[in-house]
Structures are given as C-alpha cells and as structure tokens.
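Structures are listed in the sections that come next.
What follows is subunit A paired twice: with subunit B in the first complex and subunit C in the second.
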Partner chain A sequence: MDLLSLSFVLFLAVSLAAYYLVGRICSRVQWLVLLAASLAFYCLVGRWQTLAYMLACAAVTWAAPLALARMDARCKEERAAAPDRAARRAVKAAWARRRRAVLVAALLACFGILAYLKYWNVLLYEVGLAASPTSLGLLLPLGISFYTFQSVSYVVDAYNGRFEPQGNFLKHLLFVSWFPQVIQGPINRYADLGPQLLEGHSAKGVPVRRSLLRFGYGALKKYAIANMLVGTIDKIFSNVTPDIPGSVVVFGILLYSAQQYGDFSGGIDMVEAASSLFGVDMAENFRRPYFSVSLADFWRRWHITLGTWMRDYVFFPFAVSRPMRALGARASRLGEHLGRTLPACVANLLVFLIVGLWHGAEPHYVAWGLYNGVVIALADLLAPAFRRANAALRVDTGSRAHRVLCVARTFLVVNVGWYFDRIYDFGDSLLCLRNTLTNFAPQQFFLWLAQVGVRDSDLKFMVFTAVACAFVFVVSLLQENDVDVDGHILRWNCVVRGLFYSAVLGLIVITSFLTQNAAGGFMYANF
Partner chain B sequence: MDDDLTLDHMIELLEDVKGNVDYENCTTLVDDRVLDSFDILSIISSINDEFDVSVPAKDIVPDNFNSAQAMLDMVKRLVDEEG
Partner chain C sequence: METLVVLAVIVAVDALCSFALEQYGSLSSVMWSEYRAAAGESIDTVVVGSSTAQRAFDPAVLDATLGTTTFSMATPAQPLDDSYTAAKQAIEDHHVRRVILGVDYESLSNENWAGSHVAFARAKMDGESLSQAVADYWKLLVSPAFFGRADSLCALFPWGYNHVKLDPGSVVANVRERLSGDSTLEAAAVVNGGWTYYGNGYGNYDNVIDYSLARKDTSVAIHGLDDFKETCLDQVASIARLCREHGVQLVVVVTPRPAFNVLVYGEKYPEQMALLQQVTEQEGATFVDANLLHAETYSPQDADFGDGEHLNRDGATRFSQAFAGVLQALDAGQDVGTLSYSYDNWDQYLASIHQISAVVSRLDVDGGGSATVTAQTYTGTDVQVEYRFLLVDKDGGTTVLQDWSSSDSCDVPRGSHGTVMVCARQVGSASDYERYCVQELPH
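Presenting the complex of A and B:
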C-alpha cells in the first residue's frame, strides 16, 4: 500500500472515522482502534508472516520492565528489613546485579532477532558459506530496526526509572506497532508518544489543514524528487567501470543527495501528517540538514531520532564509562583539550560504526559510518587549531558569508560520505572518488549517460525535479529564518491558495505518472 | 564540600567550559541547543574534577542540564547518594 494511493486514503479515512466515532461513544477505548489499524496496516503493507517477530519484540520489552519493577519492590522490602547500613548496601547490590541481568537478557533477545534476520545471511555470504546475501530466504519484517530500537529505548528508560512500566500488553503493543512510524520511523520515546496514543482525542482541535499541507509537501519530495531520480542513479552506479568519468559520478552523487533527502524526509512528512490527523504528534526527524554548518551539526538535523537514540543509549553511557574516564585522565597529561575531547571522539567512532552497521552489514556501510566518525572526531580534536587559524587570518566567524561557506563545506563533506553509502561496493566507492579527482572528463558526460541507458527524456523530465528542488530550497530557507511557511500559505486568499494547491498537485500527479515503474516503497522501509 | 556547592561555583565551572552564555537566566540550555553533547561531556568531566562526584549515564537527560540550577541540584543529589 503506497502512501499516495487510493487504498491508503481509504485506509486512513476508515481508521479516522472509526477512531473519532468510538471517541464519541467511549474515549477510554479509543486506543483500541489505533491498535487494530496498526496491526491491519502491518499485515497489509508488510508480510503478515513477520508479525510474529514484532509480537515477540513487544512481549519481551513489555515483560522485562514489569519484572524490573517487581524487583525494585522486592529490593525496597528487603532493604527495609535489613538490620544495618552494610546489609542494606549488600541487598541493593544483589538486586542491582539481578536487574542488570534482566536488562541484558531483554537487549540480547531484541538485538538477537534483529541480528539474525538482518545480518546473519549477509555474514554467511561474506565468509563464503551462503550462495547470496538472501539465499536463506529470511523474511525481513517491515521496519524491524525502527521498532526494535524504539522498544529497546522503552526497556532502558524503564530500567533507569524514567516512568512506570505499562502493565497492559495491548497498550504496549500499540506503542511498538503504531502504524505511521512502522515504515521508516521516527524512533519515538515512550514518555512522549505513549500518553498521546492512549489518551482520548476528539476531531476538534486536530490541525487538519496543516496536516494535509505537510502530507502534500512530503508527497512532493517523494514523487517529484526522489522517485524521479532513482532510476537514473541506479543506471549510473550499476555500471561502475574503471573509466567512469568523474563528472558522471559527481552528477550521480548529487542526484542521490536529493533523492535520499526527498525519499526519507518526504516519507517522514507524510507519516507525521497522518499521525497528527489522529491528534498524535510524533518526534521530528529532520531539520533542514543541508543547511548544517558542520558534519556534527548535520547529524543533529538528519534522522534526528536515530541520532538522539545513539546519543542517549550509546554515546553518553560509553563516553562516561570508567575506561573512557581513565583515557581522558591520561590524555589530559598531554593537554586539557585532548583530555576532554578524546573520550567523546572514541565514543563518536563507536556510534558511527554502529550507525554504519545499522544501515547494513556490507563493508561499504561500515566505511561510510567510520568516515563520519573520523571526520567529526578530527573536527573536535583540531578545534583549537581551527580557532587559532581563524583568529590569525582575522576570519569573522559570526558573518553571514562565513556561515554560507560552512554550509557549502558541510555539503561537500556529506556528499563525499554518500560515495560510501550509495555505491554498493567499497572498491567501486574508492574508484569513483579517484576518478572524481583525476578523471573528471566532462566531455564524456552525455556519451557515458547514454551508454548506461539514461535517455534524453529522463534528463528533460528532470526539469520537474529541478522545480520541486527549488521549491523545497525556498521553503527550507524561509523555515531556517523562522518563517511559519504553512501559516502564511493558509492565510492566503482562496484564489491564490487554489492556484498554489493546483500547481503542487499537478506536479505530484505528473511525476507520479512519469515514475509508475519506479519503486513505490521507501528506501528505509527495509531497515 | 557542601560549602563549594553553590550556584556561583557551578556558573563559574560552566563558564570555563563554554563562555558567552547567560547561565544565570537560561533554563533551556539543552532544549535550545546552547549546549551540545560535547559540552555536556566537558561539563561532566569538570563536575567530576571539581566536586569529586561521578555523573552516571542515566542522569544525562535534558532536565538535568537545562540550567545551572538543575545541574547544581543534580550534583547535590549525587553527592548525597554517594555519601
């Protein structure tokens, strides 16, 4: 079921009607409609056979926090009965060990399922024990990485006592399976999403017009940008040979830059809008990442919920661990900055190694993750040198021109990273990088594109994509300057609004017809 | 030790880590991205050095770092717990 299809519109309409109708009768059971809709969506969009994996993940992450809560209660009872301070400490330590064992068991179960379904076949293939990366025929459940990470965050937060665990399994299952998030995130937190899903909502107060506007904006990014480019990118990078011109590579990478942003952020806009129609606001996942001033800033704006997940559950726990503190203390003998920076740099390398593996077990993803980690680590380590250089050269770091230069530099750094992300063979990634620098050959540009099957019409139709990109750029620029673009559009008079909606809808309809053969799904749906 | 646990001392520590921030009044240091992850780690390291107390990972949440007062409250609590 495509998000821009009659079947999805019907699904959404029926779910909304049922939700608000039940809300009029008894708002306390309204959430059951969301659960029914979510399970139905999962079976319709994913494979119903894989539902068992999600149920298993939900069961584990529901039971573990309840067991932890019971252990806490037992610990309190035994501490109250302990005769002295030493005995109370011993009781606390014993229960802390048991609690940790429950946490580890739950994490192993969740990540074990994920690792088996997502990496086991690839690993066997890489060591020559499987005929292909998919030869075992393992079915990858829709959105498995997203619901696993979200469920794990629930367990860890409950372990840290951030909230009372949910006693009702079906309510917890709704948090895990909420249909707008299950395709490609965002990775929500229970404290933010859980109460919204369970409380009653009435249709009054739901920002319908803003939601529809956001759905349309997302559809424009997905259909007029991402789907229009995916075929050309495939043709370019499916035919990497040693003499591929650097100009073609750069063209392909720039298209990929737009395609990936259009696909992922467009899809997120559409599901955020769908969720808000039920009165449920999910976590934001993008904040105009191509306006970032550094790679670290980019990762605070791109796939935000994965970044915050990594920050809270990997970066901080690792960076403040005893070995990292000891490393910082030793490094501080060589300088205060190094002492404070080194643990964060090592933690960043670990985070981006995991981010790379999260995208896939193939070597090019690992290289892409490490590239990001190394660049950010170097930027942190060399920060004092950059500051001194700026001061010596009298660079006005607060000026608009400096900011524009930083944005351009970051765009370049991010795009070098995309070489390792999009070109599926690590050797080919290096080859393309080399040719970008040493064999740009712009005179061979059109000839090469024709050879790999990119038709003149493909290039001509890109004018629609260029218009959509220009539109997204202007909207993003205004939003960067804190302009409420949606609010302005909704205040236009009905004639101007009608013309504007017709133009956007026309662009979406034309490009969706032009890309009927393109993959209808989302890049991140199988993550 | 408790004599050192004052708001002025905490603000002094924060200014050493990152200057040009209104620590006396700002209550959204993390929410408004005034402090990033790197700053938080530096602050934790300074708290460790100055107050001789370790900040565990579970306490690294925005609420504990959104203001100088919140950080001071956290340090006081951790000192009590360790004592």
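Presenting the complex of A and C:
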C-alpha cells in the first residue's frame, strides 16, 4: 500500500471517521481506534507473519519498566527496614545491580531480535557461510529498526526514572506500533508521543489544510524527485568498471543526494501529515539538511530523531563513562582543548560506527559511518586551528558569503560520504572516488550513460525533477529564513490556490506515470 | 465554500488538460466505437490481446475461409485483465462462440502498464451511460493493479496516462483534431501516421522491418527478460474459465515474430511457454504457438514483419490465411498440436531454421582504449555462418577490416572513426551478405 494511493486514502478516511466518531461518544477509549488502525496497517503493509516480532518487542519493553518500578518499590521498602546507613547502601547497591540486569536483559532481547533478523544472514554471507545475504529467508519486519530504537528509548528513559511506566500493555503497544511512524520513523519519545496518543482529540482542532499541504509536498518530493531518479542511479552504479568516468560518478552521486532526500524527507512529510490529521504531532526528522554549515550541523538536521537517539543513549553515556573521563584527563596534559574534545571524538566515532551498522552490516556502510565520525572528530579537534586561520586571514565568519561557502563545503563533504553509502561495494566506492579526481572525462559522459542504458528520454524527463527540485529549494530557502510558507499559500486567493495545487498535482501525476513499475516503496522501509 | 472553489478549479484544470492532452483517436477508442457501431450485427468470433494480436489477425481473411463473423477487440498493450473484460463483453453482447487470445512472451512476463489500462477504460467509457462509466472507472481504480498504488489516485487525472507527446506541436494537433469534427476513426488515421483501418476492429501498418536494427528490435532489449508472472498465468486461466462457463471455444495463440526474436530468449522461451501451454490446456482451451508451426502450415516471409514483434498488413493476411487452416483443422476435431514443434523437442525447432534471421554486434573497449567488435547471429543450429567486418567512414567509404571468415570478432584499429558494418552469410554463399548490422564507434 503506497502512501499516495486510494487504498491508503480509504484506510485513513475510515480510521479518521472511526476515531472522531468514537471520540464523540467516549474520548477515553479513542486510542483503541488508533491501536486497531495501527495493527491493521501493519498487517496490510508489512507481512502479518512478522507482527509477532513487534508484539514480542512491545511485550519486553512493557514488562521491563514495570519490573523496574516494582524493584524500586521493593528497594524502598527494604531500605526503610534496614537498620543502618551501611545496610541501606548495601540494599541500594544490590537492587541497582538487579535493575541493571533487567535493563541489560531487555536491551539484549530487543537488539537480539533486530541483530538476528537484520544482520545474521549478512554476517554469515560475509564470512562465506551463506549463499547470499538473504539465503536464510528471514522475514525482515516492517520498520523493525524504528520500533526497536523507539522501544529501547522507552526502557532506558523508564530506567532513568523519566516517567511512570505504562501499566496497560495495549496502550504501550500503541506507542510502539503507531502506524504513521512504522514505515520509516521518526523515532519518537514516549514523553512526547505517548500522551498525545492516549488523550482524546476532536476534529475541530486539527489543521486539516496544513496537513494536506504537507502531504502533497511530501508526495512531490517522493514522486517527482526520488522515484524519477532511482532508475538512472541504479543503472550508473550497477555498472561500475575501472574506467567509469568521474563525471558520470559525480552525476550519479548528485542524483543520489536528491533521491535520498526526496525519498526519506518526502515520506516523513507524508506520515507526519497523516499523523497530524489525528491530532498527533510526531517528532520532526528533517530541517533542511542541505543548508547545514558543517557535517555535525548536517546530522542535527538530517534524520534528527536518530541523531538525538544516538546522542542521548550512546554519545553522552559513553563520553562521560569512566574510561573516557580518564582518557580526557590524560589528553589534557597535551592541551586543554584536546582533553575536552578527545572523549567526544571517540564517542562520535562509536556513534557513527553504529549509525553505519544500523544501515547495514556490509563494509561500505561501516566505511560510510566511520567517514562521518572521522570528519566530525577531526573538525572538533582542529577547531582552534581553523579559528586561528580565520583570524589570520581576516575571514568574516558572520558574513553571508562565509555561510554560503560553509554550506557548499558541507554539501561537498556530505556527498563524498554518499559514495560509501550508495556504491554497494567498498572497493567500487574507492574506485569511483579515485576516478572523480583522476579520470573525470566529461567527453565520455553521454556515451557512458548510453552504454549503461540511460536513455535520452530519461535525461529529458529529468526536467520535471529539476522543476520539483527548484520548487523544494525555494520553499526550503524561505523556511530557512523563518517564512511560514504553508501559511502564505493558505492565505492565497482560492482560485490561485486551485491553480497552484493543479500544477503540483500535475507534476506528481506525470512523474508517477513516468516511473510506473520502476520505483518501489520507501528506501528506509527496510530498516 | 473556499474549499469548494479550490476543488472546482482543480476539476476544471483536470478537464481542460484531458481535453488538450488526452489522445483523441487512440486505437482503443477506435476499437470500442467500432464495436458499439456493430451492436446490431452478428459477431461469432472475437480476437482479444495486445498490439501483437491486433496486427496478426485480419478478421476478413479469417471470415472468408471459415464463414465466420469476426471482430478484433485487441488494442495496443492490452493487459490480460482487459482482454478478459473485452471477451466478457462480447460474450454478453453477442454470445460469441470463439475467442482468440493473441499473446506474446511479454504479455505474460511484464507488469501491467497502467497507461494502457486507463486508455482501455476511458475508451470503453466513451459511449456508456454516466453511471456505467463511473462504475467502470471505479472498478479500474480499485483493481489489484491500481488500488494500492499511486496510479489509483493519479488516474483521476487521465491525461497523465493517455496523453499525446508533451510538445506544443502534438498538443495543438490533438486539440485541432478534437475540434475538427472528425470521428474517432478519422482522427486515429491522422494521429497514427501510416495506420489504415480495414474494418471489423482491424487496422494495420504497411512498414517492413529493417533487420539491420535487430539489436534494438529484440523484445529482450526493449522489455528485459523475466519469467512469466503467476498473476498473468492466472489471468489466462480466468479467461479460459470464462469461456468454458459460457460454452465458448478459446484459442490461445502466441503470435508470429521473426525467428531472432524467439531465439533471443534462449532456453527461457520453451521453458516459460510450456507453462502457458500447460495452464491453457488444463483449463480446456487450445494452445497454438505460431512461431513453432511446421513450415507446411505457416512459413512467414522476411517482409511480413513491421518490426521485431508485429506483423504488417501483408504479413497479417498471410498469417490469417494459415491460421484459418489451423482453425479448420481444430473444427474438424484434429489435434492441432501435431501441426507444430513441441517445447519438449526444442532442438527440432532450432534445426528447422535454415536462414540467418539477424546478426547483432557488441563493442568492447578496454581500459587502454582498444576496441573489439563481436558479432552474434540468430540462426538455426545447422547453419554455418561466416562474417566480414567493414569500417565505414563518415563519407560512406568502406575499408575491409576483416574479410569473410568464421571468426565472429574483429579488433578495430586505434583512431578509427565512423561505424563498423558487420556482414553475415551462410558458408558457401556468394552474396554480399544475408544480414548485416552497424556498430557505432566511440567518438
């Protein structure tokens, strides 16, 4: 079921009608409609056979915090009954160990399922014990990484006492299975999403027109940009040979840059819009990432919820761990800046290694993750040198020109990273990088594209993608300058608005037609 | 109110775009309008299927031999579920006693193309009551091929699916044609340059295939090579069941094509076609692969084909005459399976090809810039082939790179420009070539 389809529209319409109808009768049970819709959606879109994995994940992450809460209560009782301070401390330490054991067991269970389903076969294949990365026939549940990470955040936050754990399993299951997030995120936090799902909503407060506008904007990115480019990118990078011209590689990578953004952020726009129709606002996942001024900034704007998840559950705990503190202390002997940043640099390397592995166990993903980690770590370490250089060269770092330069530099750095992400063989990634620098050969550009099967019509039809990209660029630029673009459009004269919507719909219709049978679902649906 | 105005503007723009961009005089609309015009006439046989069927069977030729009244409901790129719809309509309207389903490899291996569904449904809607038209279109939108996909919403803008070329000249011509008062049939003749209508739903072109372009003309080059889809085989079975339930004879015919376009599939062809034959015969229908008919039943000539997949008018006439003979044999209770080679004895078919159907070439350039042209002929297993490679410069001057020999590859001297002409003939032949192709060299 595509998000832009009659089946999804009907599914959404029936769910919304049921939700607001039940809300009129009894808003306290409104959430049950959301749960029913979410489970139905999971069975319709994913494979119903994999529902058990999500139920298992939900059961584990529901039970563990309740066990932790019970342990807290027992600990309190025992401490109250303890005769002296030493005994109280001993009781606390004993229960802390047990709590940690429960936490570790829950994390192992969640990540164990994820690791087995997502990585085991690839691992066996990489060491030559499986015929192919999918030869075991393991069914990868829809959105497994997203609901696993979300559920784990719930357990860790509950462990840290951030909220009272949810006692009702079905309510917790709704948090895990909320259907708009299950395809490709975002990774929501319980404190933000949980209450919204469970409280009653009335149709009156829903910003329907804004939601529809956002849905259309997402569909434009998905169909007019991502789907239009996927075929050409495939043709280019399925035919990497030692003499592939650098000009073709750069073209392919730039297309991938647009495709990746169009696919992921477009899909997120569509699901955010669908969720907001129920009065439920999910976490934002993109904030115009190609306007970032550094790679670190890029990761604060691209897949934001994964970035914050990594920051809260990997980076901070690791960076302030005892060994890292010790490393920082030792490094500070070589300089205050090094002592302060070195633990963060190591933590960044770990974070991006995990981000790489999260995308897949293949070497090219690991290389992509490490590339990002190394660049960010080096940028941190060398920050004083950059500052001194700027001062020596009298660079006005607050100027618009400097900002534009930083944006362009970051775009370049990000795109070098895409070499490792998109070219599925690590050796080919290096080869393409080398040819970009040493064999650009622009004169072979069209001949090579023709040889790999990119037709003239494919290139000609990219004019539609170019129009869509220009539109997205203008909207993004305005949003970057704090302009409420949606608000402006909604204030337009209704005839002008009708004509504008017709133009956007026309673009979606044409590109959808041109990409029939070529593009599948969302890239991140398999994560 | 504001929302209604916005919706009204969108609907108005959609209608305007449909008027300007939606193909007026599509072959689907010709078929349906002619079919409706024949409402009062007796039709006892219909041909359904895609363009290969549309251009293979001449109803007048069949009728002249068999004494039947045949109408062709085949339309370009007609998916099998639309063939079902067409057959069902003919059974309901005319109680036909025979349905001929013309298919080719791609009818069963390719995903349905939403554009042809829309064109078919829109053409069918044209002469229907509003309620029937809405019901028909809704049926299309909720059909399995559309319901879960963007097509189910985008097809509400049909101009996006069944449009003329998106250049000003084509759009203006389309609008002019609509406003001219020409009938669908007259418009079709204008829009489809070279196409002529011969009656009973049948029209065809007179063009003849250029065998030197075979490399681009193979279906594998155009559509790729996939196995038959289970859903497509199920759809054939559905058509067969529909016919059986109504006491209608179904003949599933794999339409003729040049031998190279059969050989290009390699072993896939007998393997996959055997599945189709099995499904067809299991459902009680008759199966005929026109490409495998013995030469005494049907032997196409080189000039019978318009391209790698379609017969031209003369070819369709010749094939229809031969096929009428097959149907006569069928009516006489003869086992028509004996008229052709079987997939189990594929080698016999390969040995039955006594000419070179086509030669194609490939260019390999290594890292150092050395180029090699390699030729491949499509021919029978017993045919001995020899090749000659000529360098043709921009002015048309030729230089022999490699004279007649059994070697199928030739190194191109560095710095050569222009094209390499690859000639192929049977050993012992004195002709300049039987088939040739041209290989472009890099600039």
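Simple rule for what comes next: the second predicted complex is superposed on the first by the 527 of 527 C-alpha atoms of A that agree within 3 Å, B and C clash if a C-alpha of one lies under 4 Å from a C-alpha of the other, contacts with A are read in each partner's own complex, and residues count from 1 in each chain.
Rule of thumb we're sticking to: a contact is a pair of C-beta atoms (placed from the backbone, for glycine too) under 8 Å apart; a residue touches a chain by one contact, two chains touch by 3 or more.
These numbers were taken from a predicted model, which means no experiment stands behind them.
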{"item": "Which of subunit B and subunit C A:2 touches, first, second, both or neither", "value": "second"}
{"item": "Most subunit A residues touched (candidates subunit B, subunit C)", "value": "C"}
{"item": "Partner chain in contact with A:433 - subunit B first, subunit C second, else both or neither", "value": "neither"}
{"item": "Touching partner for A:124 - first (subunit B), second (subunit C), both, neither", "value": "neither"}
{"item": "Touching partner for A:63 - first (subunit B), second (subunit C), both, neither", "value": "neither"}
{"item": "Contacts of A:311 with subunit B and subunit C, given as first, second, both or neither", "value": "first"}
{"item": "Subunit A residues contacted in one complex by subunit B, in the other by subunit C", "value": "none"}
{"item": "Subunit C residues within the subunit A interface of the complex", "value": "2, 5-10, 13-14, 17, 111, 113-115, 141-142, 146-154, 157, 160-161, 166, 367, 442-443"}
{"item": "Contact footprint of subunit A on subunit B as seen in their complex", "value": "33, 36-38, 40-42, 44-45, 48, 54-58, 60-61"}
{"item": "Subunit A residues touching subunit B - in the complex, by the definition given at the top", "value": "160-162, 296, 300, 311-312, 315-317, 319-321, 325, 328, 339-341, 343-344, 380"}
{"item": "Parts of subunit A lying in touch with subunit C, wherever the complex brings them together", "value": "1-2, 4-9, 223, 242-243, 443-444, 447, 494-495, 497-499, 501-502, 505-506, 508-510, 512-513, 516-517"}
